Amino acid sequence: MRTTGGQLVMLVVINAALLAVGAMISGGTFLSPFNLQSMAGQLPEIGFLAIGVMLAMCAGNGGIDLSGIALANLSGVASAIIVASFLASTGNETVFSIAFIAVALVIGLVGGMFNGLLISRLNITPILCTLGTQMLFTGIAVVLSDGRAVAVGSPELLSAIGNGLFLGVPISFLVFIGAAGLVAALLKFTPFGLWLMLMGTNPKAATFAGFPKARVLIATYATSGLLAGLAGIIIAARNVNVKWDYGTSYLLIAILIAVMAGVRPEGGYGRVICVVMATIALQLMSSLLNFGGLSNFVRDFAWGALLLTFLAVGRYNLVGLLTPNKSEKLV
Amino acid sequence: MSHASHTPLPTGAQARPFLELRNIHKRFGGVHALRGVSFSIAAGEAYHLLGENGCGKSTVIKIMSGAHAPDEGEIVLEGRSFRALNPIQSLAAGIETVYQDLSLLPNLTVAENVALNEQLVASGGRLARLFDRARLKRTAEAALDVVGLPTAPAYLSTIVSDLPLAQRQLVAIARAIATRAKMVIMDEPTTSLTRREVDNLIAVVERLRSEGVAVLFVTHKLDECYRIGGHAIVFRDGQCVAQGPLADYSKHRLTELMTGRTIDSKRYRTGAPRAEELFAADGLSLPPSFANVSFSVRHGEILGITGLADSGRNELATAIAGVTPASVGRIRIDGKVERIGHPAHAIRLGIGYVPEDRLGEGLFLDKSIFENEIALVVSDLANAVGIVDKTKGRALAGKIAQDMHLNTRDIDLPVGALSGGNQQRVLIGRWLSINPRLLLLHGPTVGVDVGSKDTIYRLVQQLAEAGMGLVIISDDLPELLQNCDRILVMNAGSIVAEFDARATDEEQLYQAMLTSRSDLATEAAR
Amino acid sequence: QDKPVIATIVKISGIPWFDRMETGVKQFQKDNPDVVATQYGPATADAAQQLQIINDLVAKGVNGLAVVPMDPSVLEGTLKRAMDRGIIVVTHEADNQKNTHADVEAFDNADYGRALNKRLAECMGGKGKWTTFVGSVGSRTHMQWVGAGEENAKTHPDMVLVDKNNESFDDANGTYEKAKEILRKHPDIKGFQTSAGNDVLGVGRAIDEAGLSGKVCLVGTGLPNPSQDLLESGAITAIGFWDPQKAGMAMNAVAKSLIAGKKVEDGADLGVPGYEKVKVVKGPGEGVLIIGNGMVLADKANYKEYLF
Amino acid sequence: MSALHLHDIPAKPSRRSAFIDLVSRRPEIITLAILLAICVAVSIINPAFLQPSSLVDIGRASVVMGLFALGVFIILAAGGIDVSFTAIAAFTMYSMTLLVKDHVPDMPIALVLLLAMAGGALLGVVNGLLVHHLRVPSLIVTIGTQYLFRGILLAFIGTVWIMSLPPQMGAFGRMPLFQFESGDGRTITLPFYFLVLPAAALLTWWILNRTLMGRAIFALGGNASVAERLGYSLKTIHIFLFAYAGALAGLAGIIHTAANRQANPFDLVGSEINVIAAVVLGGARITGGTGSVIGTLLGVLLIVVVNSVLVMVGIPSTWQRVVVGTFILLAAGFFVFCQKKNG
C-alpha cells in the first residue's frame, strides 16, 4: 500500500533541492523576490487545471478531465463577450471585473456540470466525454469569438488579481492557494469528499451503500469546471486578452502534475496539497531550465525523467529512509 | 473419460508422500501468517484443512500452488526438495488449485477459463505458442461434464462475468480437474453452492480419489467434511495443531482445536417475535427474476429465505435493498406504503442490506475501518455547514469495532488487511450504524469460521431481541434452522413454501427447494 | 558583465523558419560583440509556453526582449510588466501589439496578401474557383493575408471563392488530406492561396499526386528549400516569404538602439538588407511600427537565388 | 462413472433477446452502424462523396492512425493505456531517416522498415520493463516516457526538418498499389503502403486469437493478479505488449514520413488521445480486457471519415470543432444507450 505521506515528503524534498540548485547556478537571482513572485504568478493557471484532473481521477472508473483548458478558455472568451455586450470595461471597473468573474465562474460551473451529467446520467466513458466536450467548448469559443482574441482589458480589480501583490505575494497565487485549500477541505471534511474517495475505490459498494453517486460525480466534474473557470479568470487577468487556443500544451502537463502528486488513476486517492507541491516542483524546474538557458526540449526530457524517478523512488520505498516511522505499518 | 488413463495407485498407502511441507514460515510485513507448518499429502487421499479465519489456510495453499514463496522451510514434491515453487512448477507437477476468490478471468469465456491453463502448463509457461482451439473445446467439455455444467457451444462461449456466482465456482472447479492433476486443492469451494451442487461436488471428489488424486479441502462447513471423509489438518494461529483421520475427531473436538474454546451448535433462537407487523412485501415482481412475491416480517422476528441459486432470492433481496428495484408491487413499513427506488430510499426507511459478495459489493478494501464504518452516515455526521464531525465519527467507528469484536482496535487499518471474518463484521457493523428497523443479511457467514459465526449469530439474536426485524438469505440450512422463526423457500421466482423453523428439518427444506413449479401445480391440482 | 542582454523569443524552437532566424541572431551577436544576443523558444506551439519563457527571462533580468509572439494579444499583460521594469520590448509579426516599444514588420500585411493573390489571379487567368488556407482561424496575420487576398480577388468578377479559410494547423499531412477533399468536392477548382509555412507542401503534394501540376495554381507562404521539388514539378506556382534571418537581425538592431536610448526615425537604415530605408509610423500602442521592404515572391524561375 | 447433471442450468445464462445479446458481445456493430449512417447522410447532403476517390482517400488517411490504434488496442486489451506511441513513432522515424540519409544511403527500404520496427520495439521494451517493475498504471509510465522520448529526440538528436528524404523512402511513399484516372482527368492513387494496415491488422488478430500470448494479453486485462497466479508471466506479456505496440508505432512513423515526403520531428505527438478515442469508439473498454481488431479498425474509420467529410458537407472552419465534439458525444452516448439495453 502506498502512503501519501511519503509522496508529500518527497515532493517537499524535491522542491527544496530545486530551489537550492537554482540558487547555486544563478548566483542567487533565482531566489530573488522578483523571480519567486514571477514563478508564483505563473503557476496558478496550470495548478487549477491539475486539481481538476485530480478530482476526476479520484472518482475512479477511468475518470479523467481532458476538457479543463478548453473550458478555461471558453469561460474567459464567453465571459468577456457577454459582459462587454452590456458593460464597458472603461466604465465602472469594479463592476466590470466582478461581472466578468461571476460570468466566467458560472460558465465553468455549467460546463463542468455538463461533463458530470453526461458521465453520470448517460454513462459515457469520461475520456470520451471530456474529449468531446473539449472540442465542443473550444468550438463554442471559436464560434463566439470568430477565432480572434477577445480583449478583457485591465480593469482595476482584475488587474490586481493578475498583477497585484499582497504582502509581497502575487494575489493570483493567493487565490490559487485559497481555492486549493477550499477543495482540500471539501475533500477532507465534507460528506462529498468522503463519498468521492470511497466511491473511487469501489463504485459497486458505493451503490449498495446508497451513495448519491450521480450527484457526487456531477459535483466532482462541476468543481473541476469551476476550477477551470478560475483558471480562465487568472489567464484573463494576467494576459489582458483571452483566446480559445491558449495553453493547449496544458492538457498533458496537468495530467503529469496529477500523477506526479501520487493521484491514482484507478481512483480513490489524491491529495490537493501534493498536487500543489507537484505544480510548484514543475514550475521550479521549468524556470530553472530557462534560467540556465537550456533548450525547452531538455525540459520535456527532464520532466519525463523526473516522473519516472519519482515512480522508482516510490516503488523501491526509498522514501522509507526519509519517513521511517510512517510507512512501517502497511506492507 | 479423460482421467481414466491415470496410473493406478501403488497400493500400500504409506509409500512416499506426494507432497510434504517442512517447517514453513511466512510473514507479511508484521503478520507472521505461518509459523513452522509441516504436513504431508499422500496420493488418493482426502484432506480437510480446518481453522478459524485468518489462521493461515489460504496462505499455506498459496505456498503449495506457487503463488507465494515461503520465508523459511522446505517443500518436498515427489521426493524433490524446493525452497519455493512458482505457479508453473506447481501446475506442471500436477497441483491444481481452486482459490478462495476463484481466480477466474472475468472477461474470458467459460471454455477458456476451464481449459486454457492446461495449454499454458503444457507449454511450460512459454507464451510464444499456438493456441489450439479444438483441444480447448475438448478439454473444457470433458471437465464441465464432470462438474455437471452444460457443454453446449453457447455455454462454452459465455463470458464468465455473466455467470451467477455458483456457476463460477463450478467453473473454477472444472479448471482444476481439466488437467491430469495429481492433487487438487479447493479453498472453500462450496461457499456459494447449493446443496445439490455440493452433492455433485462430493461425487466429483470421490471420483478423483478413486483415480489416485489427492484432494485438499478448506472449508468451514464441518458437516461436509464428514460426508467426504479422510484426514483432518487443523490450524490455529499459523500453526498446525492437530492432524489425523477425521473419524478420530468429533465435531465438538474439532471446534475446540480450531478455536481453543468450546462452542456448542445448538439452536441460537430463544426469543420470540412481537405481534406488530414491521415490514410487508405485497405482490413484488421483477421479471424475469421473481413474480408476485408477498411476505411480512414482524418486529423482532428473524425470517429465513432460501432457495436454489437462481430461484430469485438474490434479486428479491437486492430489490428490497433498492439496488434493483421491483417493477411491480408495494412495500409497507409499519403500515405505511413506501417506494424503494434507490438504496438511499431503503436506508432512509431503515432497511439495511449486507450483500453476499462482501468484497465486490460491500467493502472499500483499500480504505480504513473508520471510513468503512461511517460510510452510511457521513451525511448525518455533517453539521449545519456541511462539515463531517470526525470526532463523533471515530467514536462511532470505535464503538462498532468493539461491539463487533474486531480483532484490532486500530480503526485506521485498511479493511483489506483484515481476515474474512473480521471483514464481515466490519460490514455488518456498518449497517448497525444506521440503527436499521429491518436488516437483510445475505449469506452472513459465507467463508466465516466457527468462532466468527458464533459471534455473528449471537449478534443477530440480540438485534431481534431489541425489536429489529431480520431477514437471513442463505443456503446454509443449519444456519437458518438455528436462527430463524420462519423460513420461506423460493423456487423459480416465487415463494413455494413456508416453514416454522422449530418444526422442520433440513430434509423438508431441501425437498421444497427442489420442487419445481410444475410439480407444485400438479400437487395443487390434486 | 555589463553588456546589455537581448533575448530573442520565437514562437517555437527547432523549426526551419526560426532556425533561420537564429542564424540572424548569431550573425548579429558576431557583428555586435558589445551586446549579448541569444534566442529562446518553447518546445510546443503554445502561447502559454512562450509566455512562461518570457516571464522567466524578465525575472532573470534581461535588458531587451525581441519577441515573435505566438499570439500578440495574449502577451500584452506580460510585455507590459516587462516594460514597467524598464526592459526594452521589440516585436515582430505583431502589428497590433500595444505593449511594445517597436514592432518590426518585413512588409505591410495587406500588401503581402494582395501580392500573393495578384500572382494567383495571374496564374488563374482571372477566373475560376479558388480557396484559402490559414494556419488556424485564430492566426491574425494569416487572416489579414487571406483577407487582403479576398479583397484583391473582387477585382476579378470571375474568381469564385469557395469553402474559404480551411485550417491547416501548419501540418503538411493534415493539409494534404484537406486539399484532397477539396479537390474531390470541387473538381473544377483552379487556385489555392495558403498562409502557414507548411501549407504549400501539403496542398502541393495533393496537386502533384492528382496529376494536376500546372493545371491548378498554388500561391502561398513557404520557404524556398522545402518547396524546391514542388516548384520544379509545377505543383507550386509561387511562394511568398520574407527572410527570418534578416528579420531577426533587424529586431535585435532596433532593440540595441532603443537600449542605447536612440530612436528609430522614418527612413532610417537598420543595416540589414530589406530594412535599409524603413517606414516608421505610430503603432497601435505607445510604440512605433517599423516597416521594411523585405517581401519576396519566388517561383520556379528564381527560387534558387534564395535557398534557405 | 457418469456425472450428475444439474438440469436447471440453461446452456445460456441470460434471457436477453438475440439482438441485444449480439450487440453486447460485438459492440463494434454499433460502430459500424454509426459509420454507415454517416456515409449515407453525407451522400445525401453531397452526392459528390459517392466516388471511388473518397474511398481511396479515406483508406490512405487511415493507415497511420490505424497502425497506432492496433498498438493502443492490444495494450488496452491487457488493461493498460499507452500515450507514448506517438513519441516512439516520431523518435524512430526521425532517427531512421537521419541514419539512412547521412550514413547508409543505400539501405534497402525493407531493411529501413524492419529497423524502424526494431527501434520502436526497443523503446517499447523500455516501456514494458518500466510498467512491469515500477508496478504503476501504464498511463503514468507512458506519460513519463512520452516526455522522455520526445525530449531526447528534440534536445539531443535534432530538430531540423528533413525535406528531401532518401530516395528509397520517397519512392516507397509514392509506389502505387493501383492507380486510375477519374472522369475529369485526375489521377487517383492508392499507395502501396496501404497494404501495411490490413497486414498488421491480420497479424494482430492472429496473435490475439491464435496464440497463447494473445489469450494471455486478455487474461492480463481481465485480472492481472489472477493471471499471475495461474502461471502467466506478466513480465513476458508486458514486454511483448509494449514492444509490439512500439514496433507498430515505428512502422507508422516511417510510413508517415514516406507518405508525407518529409521527416518532421515535431509531427505526430499530440494525436494520441484521438487514437485512444478511436479505439474506445470501436468497442474496447477503457478499463481493459475487451475489444476486437475489427472494432478498432471501424473506430479508426469513424474518426477519419468524420474528419474528412467536414468540408464535403460544407461546414465552415469556425464550426468544425463544435461539430466534431458534438459528434463524439453523440456517438459515445449512442454506444452506451445500445449497450445499456442488455443491462
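Order as written gives the chain letters A, B, C and D; numbering starts at 1 within each chain.
By our rule, a residue touches a chain if its C-beta (ideal position, glycine included) is under 8 Å from a C-beta of that chain, and two chains touch if they have at least 3 such contacts.
Only a predicted model underlies this, so the values are computations on that prediction, with no experimental measurement involved.
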| item | value |
| --- | --- |
| Chain of greatest Cα-centre distance to chain C | B |
| Chain A-chain B separation of Cα centroids, rounded to whole Å | 45 |
| Distance from chain C to chain A - Cα centre to Cα centre, in angstrom | 34 |
| Between chain D and chain C, distance of the C-alpha-averaged centres to the nearest whole Å | 36 |
| Touching two or more other chains - residues of chain D | 154, 159, 317-318, 320 |
| Contacts with two or more other chains, residues of chain B listed in rising order | none |
| Multi-chain contact residues (two or more partners), chain A | 142, 146-147, 295, 297, 299-300 |
| Pairs of chains found to touch, sorted by chain label | A-B, A-C, A-D, B-D, C-D |
| Footprint of chain D on chain C - complex, ascending | 12-16, 19, 43-44, 137, 163, 165-167, 171-173, 176-178, 180-185, 187-188, 201, 205, 209-212, 225-226, 228-229 |
| Contact set on chain D toward chain C in their complex | 46, 48-49, 51, 53-54, 57, 61, 154, 159-161, 163-164, 182-189, 256, 259-262, 264-267, 270, 307-309, 311-312, 314, 316-318, 320 |
| Contact footprint of chain D on chain A as seen in their complex | 61-62, 66, 118, 122-125, 127-129, 131-140, 142-143, 146-147, 251-252, 255-256, 259, 264-266, 295, 297-305, 307-308, 311-312, 314-315 |
| Touch list for chain B against partner chain D, complex | 1, 62, 65-67, 86-88, 91, 99, 101, 103-108, 112, 116-117, 119-121, 123, 125-131, 145-150, 152, 154-155, 158-159, 162-164, 167, 196-197, 199-200, 203-204, 207, 288, 308, 310 |
| Residue numbers on chain B that touch chain A, as the complex places them | 28-30, 321-323, 342-344, 346-347, 353, 355, 360-367, 371, 374-376, 378-379, 381-382, 386-388, 390, 413-414, 417, 430 |
